[in-house]
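In what follows, a single structure is set out as structure tokens and then discussed.
We call the chains A, B and C, going by the order they appear; numbering starts again at 1 in every chain.
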Amino acid sequence: MGAALAALAAPLFKVLLMYCLHHILRALLLLLGMASAALAGPYEEALPKFANDSYADTDAAIGAVASSGNPLAVDVVEALRDGRLLIGSGQVFIRRSSGELINAATGQAWGSPAGELKPVRINNRLRRAIEAALGNLTLLSPDAGRRLEAARAVFRSRDEAVLPTLEKAIAQESQAHVRNALENARAAILLSQLDALPMQRLGAIETLEARGDQDALALLSNLPPDATPEMKAGAGKAVAGIHTRLALWEAVQNVWYGISLGSVLLLAAIGLAITFGTMGVINMAHGEMVMLGAYTTFVVQEIIRAYAPGLFGASLFIALPLAFLVAGAVGVLIERTVIRFLYGRPLETLLATWGISLILQQGVRTIFGPTNREVGTPAWMSGALEVGAMSLTYNRIAIVVFAFSVFAVLLLVLRYTSLGLYVRAVTQNRRMAGSMGIRTNRIDALAFGLGSGVAGIAGVALSQIDNVSPNLGQGYIIDSFMVVVFGGVGNLWGTLVGAMTLGIANKLLEPYAGAVLGKIVLLIAIILFIQRRPRGLFALKGRAVEA
Amino acid sequence: MSIFTMTRRNLVALTAAALVSGATLQAARAEETIKVGVLHSLSGTMAISETTLKDVMLMLVEEQNKKGGLLGRKLEAVVVDPASNWPLFAEKARELISQHKVSAVFGAWTSVSRKSVLPVFKELNSILFYPVQYEGEESERNVFYTGAAPNQQAIPAVDYLAKEEKVERWVLAGTDYVYPRTTNKILEAYLKSKGVKAEDIMISYTPFGHSDWQTIVADIKKFGSSGKKTAVVSTINGDANVPFYKELANQGVKATDIPVVAFSVGEEELAGIDTKPLVGHLAAWNYFQSVETPENKAFIEKWKTFTKNAKRVSNDPMEAHVIGFNMWVKAVEKAGTTDPDKVIDAIVGIQVPNLTGGVSEMLPNHHITKPVLIGEIKEDGQFDTVWQTDGLVSGDAWSKHLDGSKDLIADWQTLKCGNYNTVTKKCGS
Amino acid sequence: MRTQSFFDRQTTLVLSLLAAVAILVPSMNGLAAPGSALHLSDHLVPLLGKYVCFALLALSVDLIWGFCGILSLGHGAFFALGGYAMGMHLMRQIGPRGVYGDPILPDFMVFLNWKELPWFWHGFDSFPFAVLMVLLVPGALAFVFGWFAFRSRVTGVYLSIITQAMTFALMLAFFRNDMGLGGNNGLTDFKEILGFTVQAGSTRIVLFVLSVLALAGGYLLCRWVVGSTFGKVLVAVRDAESRTRFLGYRVEHYKLVVFTLSAMLAGIAGALYVPQVGIINPSEFAPAGSIEVVIWVAVGGRGTLAGPILGALLVNAGKTWFTAALPEFWLFALGGLFVFVTIFMPRGILGAVGDLWERSSQRFRSGRQPQPVTHAAE
């Protein structure tokens, strides 16, 4: 019992102690602030410059604040970066993320409402100055992430004045990757520092050679004019090495771009592989199903923004089933009202579905307006993963993974579910399937709904990389047909191989031929390929061919 | 009108009765109102940008009517849809002028649509106000260019980057059509005249609606990591911008590293993008919605009321229509008639206040004076004006930086010529 | 046979209507005083001329789709190529009257710093050469394309999709400014044709009459082709390709000839279209445009020759009216038309009329009728 009480009390006590300490510290800080206000050091002299609304003055103020050593300096610079540094009646305030206002000069809370306060404006040059200042200020931060960021900022700014702090940071750094970044930053400074020891500068060249990326290349190819012959030789060797390495990575990167473009094509085409491939319906409204999926995502995000902003990160997952349902339902509707009258007349399904696509486009234009709609990217899909000398952006990784998952699921559905069995049966021999008791009408509707639904979820993914506008679908329809026809109709594997081949070929051609010529070359290649193999890569064999 | 009646009957009735009834109907109505043609696509790929301009025109006409109309008559807007189809632009222009007898037309978007309607306006001697920034190299008697010429947008933007951001290396990225091609030609010549070396300029063209920017953004990154400060000058057209900016953001190209200055990205385009990762990228225009002037405030107020949408944004081509419309109204009042010849003569020298606090004037070369503003994208999709020209800049019809056009000037007031060669002292060669 | 006489009456009717139009339009425009009830206003002449060119294009699609079962979704490409050939001639005719006054180079080359005329522009200053190219370029493309496609027995949907790929690739290519054909702006600002000002009313009338004559000529040619033995084989190919092949006909040769012929007709339509609308640009290659042509044919009635003419006129007149009166609803109307026609009028307006005709004649003499159109097998 007692032990339990003690166990409870201990953290409570800790919290109390922390609270007291915090307040004492704050009081001390305040005192310090007032004292220094009375003294009017460089910090206090610099602050009013923010109120001048002149970029040059703000620039000077950033430098002065950052080098003042005042404990509020980091807060001020960060607030400036985030647009939370406010000016009003000649005084400067910081708005905390909680909304609380603080007088930047004293650190005291400022109760009065933010009536006539305006944020200090910044431009790109100032953003760079802020970044550099923050880098210098946070090199010794207790947070490893911030130290890493600081190291990168110093690498970019190459501010010689920060070298002593940098040495100190390297000496006490415990995490290898942060230390590496810090050493890189030091190397970048040393390389251009005229009074550094030759040994140090040669060491810097080695460090940069090990780094081996574009930035290192840039530093090494622009040696300062005083470089010694040894340095030049070392740098020359390093540059050659980095070039080879980068060329290798570039090839890998192009293949990756190809895979990611292939995944986009796969997503766009896979629904078509079902409606066109297995049902023989030339669904020109396929692209509009993709568009409906993208607009569903937009609507879901709008609702989330309005009612549950916390769910934003999950918005795409919420949108997926809804997009499937919306596009699938429209698909079933189209099948029941139009397509079922046209089975056996594939060329006429083309015309009718083209008409439907025009109606859907104009419908969406009427409802949502002709302009692009904003679909946000959840935080977990922003940014990039650095692998070697290439960056894989998270949204592309997500799309590649997603495309393959959709493919796998679809394959399993067709292979192992009764719906899949029926669909395959109807595809292979409609009359026989009917005689076996399969309701072919129903299967047609469901299969068309499935294909359209898959197009809908493709729309969710494509909303992340393309415009969400009424024309969204138009951009994909021809490519989708090329993929399906190239891969071979009636075969999902063909669609996969077709999409990847076209994607990778396109991206490998692009650096040489340019985006347009590359695409033209590919189209011609497909036309010629169809002449050789009129039924695509993976052609169905046997009786189904003549059906 | 006449065509409608035609379709209701069958093919045989292609001829007489239908056409006749249409012709008489419109003759009877001709004197009632002053008609203003609105020639903007409401469907097709360009509808994205043009629908807004149609709404602006409707608002301006409504407002003018509230003020009592023009010359004691009401104005009437005639809206047609050229459906982003260039030959249809010419056909619709002809219809507006010949059939609806409009006094002036406000419209067209992109150079090709303007080039398509040009012969029609010349032949039927009517007036076109073209509200979009364009490549210059043109001055026609019947056309008034209220958008920016390259020297009112591109060159000041490059000057700003070179001066303020110390940019030494340039990527000129554009969609493959005439506006980017010409603008980049002018910029290339201009940069070289400022001492930029050929290897420090990278030019890249992409097709319309390009959506896969991975390779190009990677190239830009590579080009920009040479140690010299690099910037991208983007003349990428509307639709392709969203994926372009998304790719930039994802590959971590920040405005502080490689700023992008765009000439075709305004508030309307940004409304379709999540702008947080784009903060700091730039655009050069002659107007921003965020400009704080009483005129602009009043305009935005009216615009939001008219569209019944508090989120509707305003942009540069809209302001161009506002200026163009007000100039036309003043010119008609001055001439006392809507007769195109008289209006064309009267409008040169007309001054109207623009929305950014200055007074724009119609120049003899049929371009107008405008301020140039450089804005940085803010988190809310608006622009923060970081720089602007001291006064207004006069639009040049012919670029001083291109071999073919450096000797040409346009003057419809005294020389009565759109392409007067100052060397040979002749009009037209 | 009744079908035969139906066609014969149709031919007479079509030709007399076209003759009436060719006489009435100029006289109503030129002779009737402006303002009089019979006057046809100036802006309608090129508009009608445009419709007539579209009708010729639709006719060329009907020749291969309606009679040989080849659904081309790329016929816009042949139309545009013919148009470009004519456009290039008209550009060369501008001579030193361009804004830069360059005697040789078109304006767009001057401001993009081209120094000399690309090789493929040579010869276009001569009108006969240009006319030859109007026929040869689309014809050659169709021949090469058809040679490969028909030889390897690419049929049905696959053929449709690769024709679409063809026109799409051409569109991308022509959009490139490096092609030397004006890029997105295309060719425009024409001055004169054979010495006559393009914008002049009289030139317009002549072009209009020429278009009507070309349409009449095209109609007669198609009529002759489908009426000949050659035409019978085409219909056999449409209805049962394998069977025809087994009977010993070289199916691919028949297809190739008719495909090339059709492409040349489309080229002529394009060449007549360009001086009347005053611009040719790559959007004419857009796949959507070619699909629209197919719908004109479907609306009018494929396999009837007169049907596509009617369809092209009706749909385009509808487009002109809708885009002015109800701009927002144009796509709804067009889309609805596509769906309606394919479901409820699979044989188009003339097909339905033909059915009525036959049904009424059957009352007089019963007997089996050869079906003029069957739903073509894939």
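What we mean here is this: a residue touches a chain if its C-beta (ideal position, glycine included) is under 8 Å from a C-beta of that chain, and two chains touch if they have at least 3 such contacts.
What you see is a predicted model; the values in this text were computed from it and never measured.
Asks: Could you compare the number of C-beta pairs in contact for B-C with that for A-C and name the larger?
Replies: B-C
Asks: Whose Cα centre is nearest the centre of all Cα atoms in view?
Replies: Checking distances from each chain centre to the full centroid gives B.
Asks: Quick one: point me to the chain whose Cα centre is farthest from that of chain C.
Replies: A
Asks: Averaging over Cα atoms per chain, report the distance between chain A and chain B in Å.
Replies: 32
Asks: Using mean C-alpha positions as chain centres, tell me how far chain B is from chain C in Å, no decimals.
Replies: One centre to the other, that is 34 Å.
Asks: Report, in whole Å, the distance between the mean C-alpha point of chain A and the mean C-alpha point of chain C.
Replies: A distance of 47 Å separates the two centres.
Asks: What parts of chain C, by residue number, touch at least two of the other chains?
Replies: 172, 175-176, 328, 330-331
Asks: On chain B, where are the residues touching two or more other chains?
Replies: Residues 42-43, 176, 205, 207 of chain B touch two or more partner chains.
Asks: Any chance you could list the residues of chain A touching two or more other chains?
Replies: Chain A, residues with two or more chain partners: 362, 516, 519.
Asks: Using the touch definition from the top, list the residues of chain C that touch chain A in their complex.
Replies: Going by the criterion above, the answer is residues 71, 73, 145, 148-149, 151-158, 160-162, 164-166, 168-169, 172-173, 175-176, 287-288, 291, 294-295, 298, 328-332, 334-339, 341-343, 346, 375-376, 378.
Asks: Write out the stretch or stretches of chain B touching chain A in their complex.
Replies: Touching chain A: residues 42-43, 45, 47-48, 51-52, 164-165, 176, 205-207, 209-212, 214-216, 218-219, 221-222, 225-227, 239, 242-243, 246-247, 249-252, 255-257, 259, 268-269, 271-274, 277, 280, 282, 376, 379, 384, 386 of chain B.
Asks: So in the complex, the part of chain C that touches chain B is made up of which residues?
Replies: Residues in contact with chain B: 17, 20-21, 24-25, 28, 35, 37-44, 46-48, 50, 96-97, 99-102, 108, 110-113, 172, 175-177, 183-186, 188-190, 198-199, 277-279, 281, 283, 310, 313-314, 317-318, 320-321, 323-325, 327-328, 330-331.
Asks: Flag every residue of chain B that touches chain C in the complex, lowest number first.
Replies: 2-4, 6-7, 11-12, 14-16, 19-20, 23-24, 27, 42-43, 79-83, 85-88, 90-92, 94-95, 97-99, 110-112, 115-116, 118-120, 122-123, 137-138, 176-178, 181-182, 185, 205, 207-208, 402-405, 408, 418-419, 421, 428-429
Asks: Please output the residues of chain A touching chain B within their complex, sorted ascending.
Replies: Spelled out, the residues of chain A in touch with chain B are 55, 83, 121, 123-125, 127-128, 131, 156, 214-215, 217-219, 221-222, 253-254, 257, 260-261, 264, 362, 365, 369-377, 382-384, 391, 393-396, 464-471, 475, 507, 510-511, 514-516, 519.
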